[in-house]
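What follows is a pair of complexes built around chain A, which joins chain B in one and chain C in the other.
Our next item is the complex of A and B:
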């Protein structure tokens, strides 16, 4: 085929050298990227493929809808809480169960804590190493590192002695020969641009962020009663509140609430004095690397999250609004109706599934079907169990292709912030505009790999500050005498409709998440989910639209094709998570081949 | 059966504390024998109780999010499904430096890459457990979404527990048999996910 243009307007050329990066994730899940390079090592075609999605109906059909959250939180190693929350929302929607104000606040706090933690972990422990050369930090001058740190932040850990200690710790670790989290990186690549001092500063904060994780998860334990898998409840939250020191043993009391308040203060301090200054310092040096836009700024989708008022998912209530932007027109934000069968649909023409009648049509999740059909296209290279190169003209991914009104969409923190910005939200506008001003960049600079990474950081500070606001308003409500955390009026199945459908939507840290359910005779009849990475890592669709990862890689030059660091940068900027099917198996039970070019 | 757990939340493990021992089951209960680690700690917790400074935890597939716990324990005992190349159900006890090597050798699941990284990050931050033990089982079947442990693996849980109790005794952990089963609020996981309800409620194949 050589040169073509995708339906969504991207030039493709698959004639050059094919490079395969597999696996691409540093955490759970499996994702493989294949690209074609031209003579100048610039990406001219990109193919994204992910692991198998079995459909939740396989594990949930016939089960009690009130238990579904506990199953859905096991489908992914990193999105546990958000699956549980969205599952509860789907069941509450289907059964018409309003939740109390405190339950809404606690859910918001749990999710805001999740955002803060996830974004921090993503930046320091999963993505920073795409920008920070750890081995270069060994060459840094601790005194100059201290001067650099003090020029950008008031954070107390900034003395020359502190950075010298960190450097010695790193040295011992590297000399021990077990690089651990720093293995499998492309150290020394010419694509790394930070001076050694900035690298050492980032390594120090990598370690501090590991410590901070310990604090932030306590919020989940306090309200969820258990960690790392907190409890959730259809109808509210499964914790009682007692601020008078009498009443139920084990209730959330003032001591614990004060601890939550302290942790919120620590989170704000760490994000504002460490994460954000680091982000700006790194962005200032890499700002000339403007690649990775793809669908960013063109087609972006968010369902919205954090209802200020319990049970109200309208944009008047949502602290981060929902909506869709199409064809780069930021002056119009479309409302998204997740119930409309014409809006959200999934296609399988390029996915290893079959629809009834071998159809190229799309199915709304309420009508979703998950029937595997694994076959390689005529132009694929290798064998079924040892794929050397995929044929993207045929079926090539275990992910379905979700579309909004036929459009491939990008989801995630950048989409949420662009939609909030386009809807005129002042808090988001202020964060975005001041950051761009500091870096002397135009708004369009957001539509890039760095923009995605920056939006995640800004959303992290937004979340930390929002926790304070939500906590204070919850405390005011509790002090006014409302301690209800759950609505059990419709707990018993005899109070339910015989046949009902529901949808739960929300925003996982990595993007829009929806669960669509059908309850019949008090049992789950169907259960479908579309997870954020299915949107972003989507394969092509029958109309010829390429997905967000595929589009974002086009036009990116690689400094060295043997060390495709730039591919990792862009893909990691989406915070990929394909753990929702945790195993990498072909239908006959064989592990799929791993082809590495490293 | 759905449960509400209302008003019965245990004190929780959120205080800053140093554990004497962390007993951690890892893996994914939704993928047949991948659930070995989680099911074994579930059974351990049902039958035995330990002093307050011992934490028995269902770690699922949480990877790096388990780091805070791994960093705050003196001794770490892990249950997991490991591909040793043995007959299904065979158990192996691995200790100390060999543990991270085995977890990364031939991966049964991506969660092990994650856990190997947890151990390395613990080492980097200078909070590595003094004693490590891994009780691994050779899985029979993994590729069965929504399935439970296969008989060859399930039958080995008592033996895995006996191995664990020996290790714990050696580490100076006081072990008591429970007189009655712990309540729902004190279980290692939600009621709906316990092995009995999980197996009984499985949808029919091919639905």
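Our next item is the complex of A and C:
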């Protein structure tokens, strides 16, 4: 192919050196990235491959719709609960079940807690080491580290002694020669720019965040019984509220409500006094590294999340609105109709699936078909079970290519924030504008790898504070005498329509999430999910549009081709989740199993 | 094997005093359900053993096991990873990527052949030549076999590795296969659950490191210390079951009083796990305590045993509280299905009296 231009306007050139990164670590699941570099080590072609497929939707066929949340929750244990919530919404939509106000508040609290914990863990444990050189922290002066910390935050753990202890711990760990998870990384790469003191500060917070994240999820434990994988319920939530009656100790009572309230306060403190100052400190140093835009600022999609009013998914109710931005025109936000067969479609020309008649057409998820066909293209290198390089001109990923009105779209915290900003949401505008002001950056700086990372951090503080608001409104509702948490009127299958379809939408931490279902004779006839990473890590489509990961990598120079740190930075900025992305199945899936099994 | 520091030496270097170290040992022993006399043994073991390398692989899974692991409060996951074991490979957490990451596997084999623990999260799919799970361009099952060849023992984390779990539910389109059906020549400790409890995970690994031995396993390969008793037998709502006080549907009067969830599908009577005793997330709650029945997620094939909201009927009332999984299994095999009808009758009878009592309380 050599030089071409993708349908969505990106220059591609596959003539230079091919570099393969597989596995991409510090993500959920299994992802492969291949790039071509020009003579200056700049990325001129990028190929994103989903490396796994589990087939959960075929497994759902014929099951009780009320059980579906538990199956789909196991799509992902990192963003635990999000599929369960959207699954409940899909079933409630299909069966016409409104949920009580308290159930809506509890679901919002659980999802907000998930955002807060997931974003925090992503920043410190999955992404920070792309910016933070752990070995450099050994050179830091603890006194200066303390001064740096105290200049940006009033977090109490900031004394010279504290940082000295952390440094000693790290030093002895390194000296032991058993480097564990820090072995063989790209330490010392010239792409690392932080001074030793900032590195030491970040390492200390890596450890603190690891200890703290487990506190945030206790909100799930209280309302859902455990985390990961708390329990949910079609029609509401399974936890009853009883604050002032016999047996309150057997339900959600004052003790637990107080605990939730305390966790919210702790989460706000940690995010505002540790995460956000770290993020700003790191961004200030790296703000000149403006790569990684891709589809950001061009084509962005969100369905919206957090209904303020139970059962109302209009933008008037959603705390984060939905919409679509096309071709970089931020002045127009299009409404998205997930039921319209012309809007959201999936293509498989470059995916390891076939459509009937080898069609290159797109299918709406209610009509989706999936028949896996694993085969490598004529220009692939290696063998079927020992792939050296893929042929992106043919099939090359276990992910389908979802498109909105034919466009490849980016989803995630940045898309949500840009859409909320473009829709004039004051809370989001204030957060974004004040941060950009602090960093002396224009709005367009958001459209980058660093912008994606920053938006996730801002959304984390937004979520932590929003938990307080939701909690207070739930308490007001309980005070007004409403303690209901579940609507069981349509629990029994004999009350259901014989043949009905539904869709559940929402926003996972990683972006727009939708489940489309068909219930027939009280059983699941079809189940389809299109998840955030399928959008972002999408392969090419038959029209020649490249996906968000692929687009974001283009034009990025590598300081050292042997240490492709910059690839990790940009890919990690999307927070990939491959177990989510690669399980798509069809109404004909049962047949697939017969064909392929045994 | 090269000379390594002991766990105790590492802790000393981290500035931990001997007094704190011994306190840690007694807390750990207690956490494992062991008597105080074991604290001394644990301390001795930790003072004299080097940090054991652990290779943590991920097959087809959802990473809930790793997420659960990092929720551990005693010991903290950070302390386990940095001080107790040497986590030499874990693609979810490790800084390295690509071939630099894969090199670490060969380095571990070279340095610690036959000495490392292989921790498996998820399972390999066998259909399509294993290419439903590709790592480094090759089928995951190859990587699993290669690393298993050189390990000392395997921990099968969670229900995926132990039983197959959700991707192996009917019709198992990828032929996702649990570890013990692929690796036949190594000791395997199954730690089932979707996911397992965090402290059970760290408890099992701490036991293995501290005592340099596998925990005692039941016939299905699960540590007896955590999986030998039914949730139902240690459920704090058990008195309501015995009194016939049931939640009839979610958010009813019984639900608000914390009655037994048996009739809305709780699988506690047939599930061997530690949720009702150790509980979740630092002992805060567990599914039943927060109002939803147990899904039975630590049991083999729990996805294909009917709806999560149908009352279980395949357990007898014959296993007493002391009966472990092996004994109950043997008893049930010999005396199939006795007791179900009798039990149902008892439930209904006692429920009637329970309702009366309930209405009196209401008044």
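As a convention for this text, the second predicted complex is superposed on the first by the 567 of 598 C-alpha atoms of A that agree within 3 Å, B and C clash if a C-alpha of one lies under 4 Å from a C-alpha of the other, contacts with A are read in each partner's own complex, and residues count from 1 in each chain.
To be clear about the criterion, a contact is a pair of C-beta atoms (placed from the backbone, for glycine too) under 8 Å apart; a residue touches a chain by one contact, two chains touch by 3 or more.
Values in this document were obtained by computation on a predicted structure and should not be read as measured data.
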item: Joint occupancy of chain A by chain B and chain C, clash or fit; value: clash
item: Which of chain B and chain C A:535 touches, first, second, both or neither; value: neither
item: Which superposed partner A:313 touches (first chain B, second chain C, both, neither); value: neither
item: Touching partner for A:488 - first (chain B), second (chain C), both, neither; value: both
item: First, second, both or neither for A:211, with chain B first and chain C second; value: both
item: Contacts of A:385 with chain B and chain C, given as first, second, both or neither; value: second
item: First, second, both or neither for A:574, with chain B first and chain C second; value: neither
item: Which partner, chain B or chain C, touches more chain A residues; value: C
item: A:59 touches, of chain B and chain C: first, second, both or neither?; value: both
item: Touched partner set for A:115, first chain B, second chain C, both or neither; value: neither
item: Segment of chain C that clashes with chain B, given the candidates 165-173, 237-245, 327-335 or 345-353; value: 165-173
item: On chain A, the residue positions that both chain B and chain C contact, one per complex; value: 25-30, 54, 58-59, 64, 66-67, 70-71, 74-78, 80, 121, 125, 169, 173, 176, 178, 180-181, 207, 210-211, 213-214, 217-218, 221-222, 225-229, 231, 233, 238-240, 248, 250-252, 259, 486, 488, 491, 579, 585, 589
item: Chain B residues touching chain A - in the complex, by the definition given at the top; value: 1-2, 4-14, 16, 28-31, 34, 57-68, 71-72, 100, 109-111, 113-114, 116-117, 119-121, 123-126, 142-143, 145-146, 185, 189-190, 192-193, 197, 201-204, 207
item: Chain A to chain B touching residues, read off their complex; value: 25-30, 54, 57-64, 66-67, 70-71, 74-78, 80, 121, 125, 169, 173, 176, 178-181, 207, 210-211, 213-214, 217-218, 221-222, 225-229, 231, 233-234, 238-240, 248, 250-252, 259, 486, 488, 491, 579, 581-585, 589
item: Of all residues in chain C, those that touch chain A in their complex; value: 4-5, 10, 13-15, 51, 53, 58, 60-68, 70-73, 76-78, 81-82, 85-88, 90-98, 100-104, 125, 127-140, 142, 165-167, 169-176, 194-195, 198, 237, 249-252, 255-259, 275, 280-282, 284-292, 295, 297, 303, 307-309, 361-362
item: Interfacial residue positions of chain A with respect to chain C in the complex; value: 20-30, 32, 49, 51-56, 58-59, 64, 66-67, 70-71, 74-78, 80, 121, 125, 129, 134, 165, 168-169, 172-173, 176, 178, 180-187, 207, 210-211, 213-214, 217-218, 220-231, 233, 235-236, 238-242, 245-252, 259, 372, 374, 382, 384-388, 398, 483-486, 488, 491, 564, 568, 579, 585, 589-590, 592-593, 596-598
